[in-house]
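Structures incoming, each one as structure tokens.
Common to both upcoming complexes is chain A, partnered first by chain B, then by chain C.
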Partner chain A sequence: MKHGKWPLIVTFLVPPVLLYVFFVVSPYLQAFQISTTDWLGYSADANPVGLANFKTLWHDDYVWNALKNNAILLGLVPVLTIVLGLFFATMLAMGGRKGSAGVTGVRGSALYRTVYFFPQVLSVVIIALLWKEVYHPNQGLLTSAAHAVGLPAPTWLGDPATAFWCVLAVMVWSNVGFYVVLFGAAMSAVPKEIYEAVLLDGASRFTTLRRVTLPLLWDTVQVAWVYLAIFALDGFILVQLMTNGGPNFSTDVIGVRMYDTAFGSETKFGYASAIGVVMFFLTLSVAVLSLRVGRRERIEYS
Partner chain B sequence: MNRRDILRRSVAAGLLATPAAGLLSGCATGGGGDKNDAETYQGTKSAQNPLGVKEDAPLEVVIFGGGFGEEYAKAHEAMYTEKYPKAKIKHSSTQEISKTLQPRFVDGTPPDVVNNSGSGQIDFNGLVSQNALAGLDDLLAAPSLDIPGKTVKDTLLPGAVEVGSYDGKFLVLNYTYTAYGIWHSAKLFADRGWSYAKTWDEHIALCKQIKAAGIAPWTYAGLHPRYMSWPLISTAIKLGGPSVATAIDNLEPNAWKSDSMRTAADAWHQIVKDKYILEGSPGLDHKQSQTAWCQGKAAFISCGSWLESEQKDVTPAGFNMTIGPTPSLGSGDKLPFEAIRGTAGEPFMVPAKARNVAGGLEYFRTMLSKKGAQDFTKKVASLTVVAGATEGVELPYGLSTVVKALDASGANGFNWVYNNFYRKLERNLVDAACGEFFSGRIGPAEFLEQCQKGADSIAQDSSIKKYKRAA
Partner chain C sequence: MTTLDQPTATAPTPVASRDRPVRRELGVANALSHGFLLLWGLLTVLPLLWMFISSFKTNGEILADPWGLPGALHLDNWARAWTGAHIGRYFLNSLVVVTGSVSLTMLMGATAAYVFARYEFRGRQVVYYLFVGGLMFPVFLALVPLFFVVRNAGLFNTWLGLILVYAAYSLPFTVFFLTAFFRTLPTSVAEAALVDGCGHFRLFFRVMLPMARPGMISVAIFNFLSHWNQFLLPQVLLQGDESKWMLAQGLFALSVSQGYAGDYARLFAGLSIAVLPVLAVYVAFQRQVQAGLTAGQLK
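Then we have the complex of A and B:
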């Protein structure tokens, strides 16, 4: 066995590592290099300009505006998604309190589970188009519903006061289903006896969630947090398709700014790379931070 | 190893790898460039072959797959191969011009003909400043393919060359001829006994009448509000003359805050103040607003002459869409009511590094032949920049009103090109200002202030090349 180890490792590990270096690491490094040039993207000429792009970026109000929006997303999307995800998963796994069956989900939990997962099946593009119609200011579902009960409806995506929150709601909606399933799977790994004991002690559902489920699921929640934080720092596809950053830059995010600078209204690839580099470090710091802050003792069942 | 370790390790790897970035310098940007020695196709020039096309050289054409489709281009390609049977044409169509072609420009292997259009259009400012486009002067000087005794230049409508010129160099062939105006349904107006207003006061009075009849006078593409900048700037130009547009194009200080622009913005503010705009319009995109208009929910909409083909599927029979010039502000207007914004649009270009530049120019000559132009008009119901090419072609209703409006406008026609010079200024900055203004969140003074701020930011950005045009 021993003598066969190295060929095996080499055969199975070297090709993926090479592919990874070639297709993932090297573009990253190139982006770093391009960000220090004034490359305009359609010729091979690029002059090194040092950190000038980053200096411009520091004074670019549009970039700051986009970052501000990302910060709000970062503050709200993970919290809302995880809270909703945990709530739904708990209800599906142990929300039922009827009869003597012990720990069961609410009635019809199989159906709910499927319904919550629907958005995950749809491609993001479809979700964006779907919600664009829901937010249609004249014929959309929301406007019609508001009018039906005699309420005035805003123009949703057409008003800077509401557009951002409309997009945020779609982000949460489209993510919750996945985390319901993720948390649900984690919960099923928790020994049932624990819950039965909790039930015998007469704990309410909320207390169960806060004192028992959450601590036991902490690792999973933490992973969810990192994923959602990365998602919140991006948010590109939904925003680009639903509002393209408008109206009046009220829904702009850093990813849209980067795309627009390179492929949209300008061809400043050097500057766009600088935005990308900033985004890279922001995402990395957020990921590292949320892992550090959330570090806890791991609980082993046995 | 758990996820936490993986992340921690990747951070370490990232830190180690950063210094290596310098080693890789020039992978994406330094790559192409020296491939200039790659074979380019050049034939010998003759009376039959004024552009020196190599008859068996392959030609690659990339078409924007938008409202016009790609069938018209296939017809032009067939005409090309009819003349050069040995040439093999590679045709493709995409909606993502910039994403698809950007690597090929860098690599020095771009296609020979590019229809650079749509929302994925490559910003011309960047292309021109990087000398990525071939000059088209040889094309202008070449004799027309089927209009005897005339050079290609002689066959073009006035203004066609200017629009595609940067600092006096003709680089971009804008193939269609587009009029921008205010559209209404002739049927709706006939049914209700309304007639299109020639002055602004009459227009406002008519709006009042329309609103009283239970129809919204106006709607617009709230998610692309720049559509409304067109009638507003047109009103200002008709009041103050074409110099209003020249000042804006040349980024002159306070061009957006000229007296004419102020008066025009004040006038247009009326339709916002008096709530003459369909409720919810700020949340509609161009298709949704145009469809609401076709359904008779609004009476007026601002658009270019592509509107008819874009709305083909949802326009009710007998709707009879009609274009009209912007109403005059008063007797002090420098241009008459009939003056309308007409300009060449739908840009085509030959990249400077294309292998078959001569073939690309010849392809343009085919497009600009009478046969090519007529075929285009028949297929996509749009005008071309070739003068008189509509002769003998039966035009759909809307397009025939465009022809009439352009005829009536004649030498009073006007245009602006800041949107070509500085794509970002119109697409992003003026667009955002229009959104605020026409939804009533800001007044005329703040609107012009915001536009001017946008123009100033372009003017001060040393990384953007500036172009000037003569008055």
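Then we have the complex of A and C:
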């Protein structure tokens, strides 16, 4: 019987491993190697230049500008999304306090949950293109609404002063619904008695959220934080399709920098790979940091 | 539970006296938070509704009154998007590629995960972590070399290349999730089947795979949506031949050409064509979809 297992292990494991090594592992390894060359294009030679690309990168103002925008996204998108997500999830799970000790959701909470999740099933491309039209300076939804109530409207994505915030708003808009559902699922695992007891003690809703819900959901919030942080460091598709980094680089992010460097007017593959390597280490450190900083004792319901 | 019930049962008299101001405060808070819930609901639905309504308007109506309703149902916008802008073809292209890539991902992911979960052999941990480690790497980093790997393999501008790449990049999560799932299945059934003389292959396809169905469905939904919504990989690996494009690329091209042609109605119709089926499937299977998408984060 023991010998019978090898044919299965080999046939089951070899094809996935080959596929994975060929298309995933080898490109990643090559990326590190290419980042130390001056490779310029499809047929040109690639000469090893050591860490010269990273040195150029250090003095590249466009890269720093993009990184600054990523840093702002990193500071705001996770916080806003998690706060809104927790707020709506709480409302949906126990907004309708009936009597003195009933803990129930608000009316229509199932419908809200369905609707909030909509952006999650739409492709980022659709979200980007749709919002581009919503922000259209002439016949967009927002401009005409502002005009209807007699307010002057900015040009939204056309103005360096507002474009970045418009993109940020779309990022939050597209993520909140997912975390409402995620936090809602985590909340439903918390025994109701805990909330009923808190309620009897006369705690306000805000206190309940801060002192009871948040500690109990800490694991989930932490995972959400890591995912949103990674999202904020990327943001490539939304930015590329909505503004392509403009106007005047006000919405540029590091992903757009890398894509333009590799597949834009010039094909600086060596330099683009160096940007990719930097992105990789940034993503990794942000993920590890948020897991480290947020570590707390695990709570088990007995 | 019993200890908790007692205060509630005896509470009414003392609580009632201080209950009234609390109630009123709760009433105001309730109205406020209901307002927020409704506001966010509107924020989510309004752009989609606007897109859908605008897809039936003429370009003149869209320019004159963005908030207005169409004077008549201009279905010709949809026809212009479906055939004129080839959205119909791109839709079918995406369907073919995603069907292929999800099937391949599930087959490869399930077989590999089964081996990791159920068989002991030397080097198992190393291979497992090789797969799961892929979760940490952004696709971005691999983009430039991947382009050449695919081109040198003669798979540039082919659907097969896209299918293989989609599957390869979905393996880390699929293997990670399904390995955990296969481990939760009871071992006794498998042992009994082996004792009865059932072969290892038969055991997998006839017994274990059907038992893993709930987990398989969750990951399949997850993979389907992420492949269907993919934009970066086709944009790099399927650049040339327009007739082979994926839906996302077609929509992007439509948006770019709209900038010159000013045919807003056609763009809205194209977007609606892309949105409606996905939204319909989601509403029909929302429990499974929500579970499938959130499962990845809760584990």
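We adopt the following convention: the second predicted complex is superposed on the first by the 275 of 302 C-alpha atoms of A that agree within 3 Å, B and C clash if a C-alpha of one lies under 4 Å from a C-alpha of the other, contacts with A are read in each partner's own complex, and residues count from 1 in each chain.
Criterion: a contact is a pair of C-beta atoms (placed from the backbone, for glycine too) under 8 Å apart; a residue touches a chain by one contact, two chains touch by 3 or more.
The shown structure was predicted, so the numbers you read here are calculated from the model rather than taken from an experiment.
Within the superposed three-chain model, A:Leu182 lies in touch with chain C and out of touch with chain B [touch as defined at top]. Of the two partner chains placed by superposition, chain B and chain C are both touched by A:Val223. Judged by the touch definition given at the top, the superposed model places A:Ser26 against both chain B and chain C.
In the superposed model, A:Ala287 makes contact with both chain B and chain C. In the superposed model, A:Asp159 lies in contact with chain B only, and not with chain C. When the shared chain is aligned, chain C comes close enough to touch A:Leu13, but chain B does not. Here chain B and chain C are compared by how many residues of chain A each touches, and C touches more. Contacts of A:Asn138 after superposition: both chain B and chain C are touched. In the superposition on chain A, A:Thr37 makes contact with chain B only, while chain C stays out of contact range. In the superposed model, A:Asp260 makes contact with chain B only, not with chain C. Judged by the document's definition of touching, chain A residues 25-26, 28, 30, 34, 132, 138, 143, 223, 263, 284, 287 lie at the interface with chain B and also at the interface with chain C. Of all residues in chain A, only 25-26, 28-30, 32-34, 37-46, 132, 135-138, 143, 155-160, 223, 226, 243-244, 246-249, 260, 263-268, 271, 284, 287-288, 291 touch chain B in the complex they form.
Chain contact summary for the complex, chain B toward chain A: residues 3-4, 7-8, 11, 14, 17-18, 20-22, 24-33, 98-99, 102, 105-106, 108, 120, 122-123, 125-127, 129-132, 222-223, 225, 278-285, 288, 292, 297, 423-424, 427-428, 431-433, 435-436, 439, 441, 463-464. Across the complex, chain C is touched by residues 1, 4-5, 7-9, 11-13, 15-17, 19-20, 22-28, 30-31, 34, 84, 87-88, 91-92, 95-97, 100-101, 106, 112-126, 129-134, 138-141, 143-145, 148, 173, 176-178, 181-182, 185-186, 193, 196-197, 200, 202, 205, 220, 223-224, 227, 230, 234, 236-237, 241, 255, 258-259, 262-263, 269, 272-273, 276-277, 279-280, 283-284, 287 of chain A.
Of all residues in chain C, those touching chain A in their complex are 1, 4, 7-8, 11, 15, 19, 22, 26, 29-30, 33-34, 36-37, 40-41, 43-48, 50-51, 62-63, 65-67, 108-109, 111-112, 114-115, 119, 121, 127, 130-131, 134, 136-138, 140-146, 148-150, 153, 164-165, 167-169, 171-172, 175, 194, 199-201, 204, 225, 228-229, 231-232, 236, 247-248, 251-252, 255, 264, 267-268, 271, 274-275, 278-279, 282-283, 286, 289-290, 293-294, 297-298.
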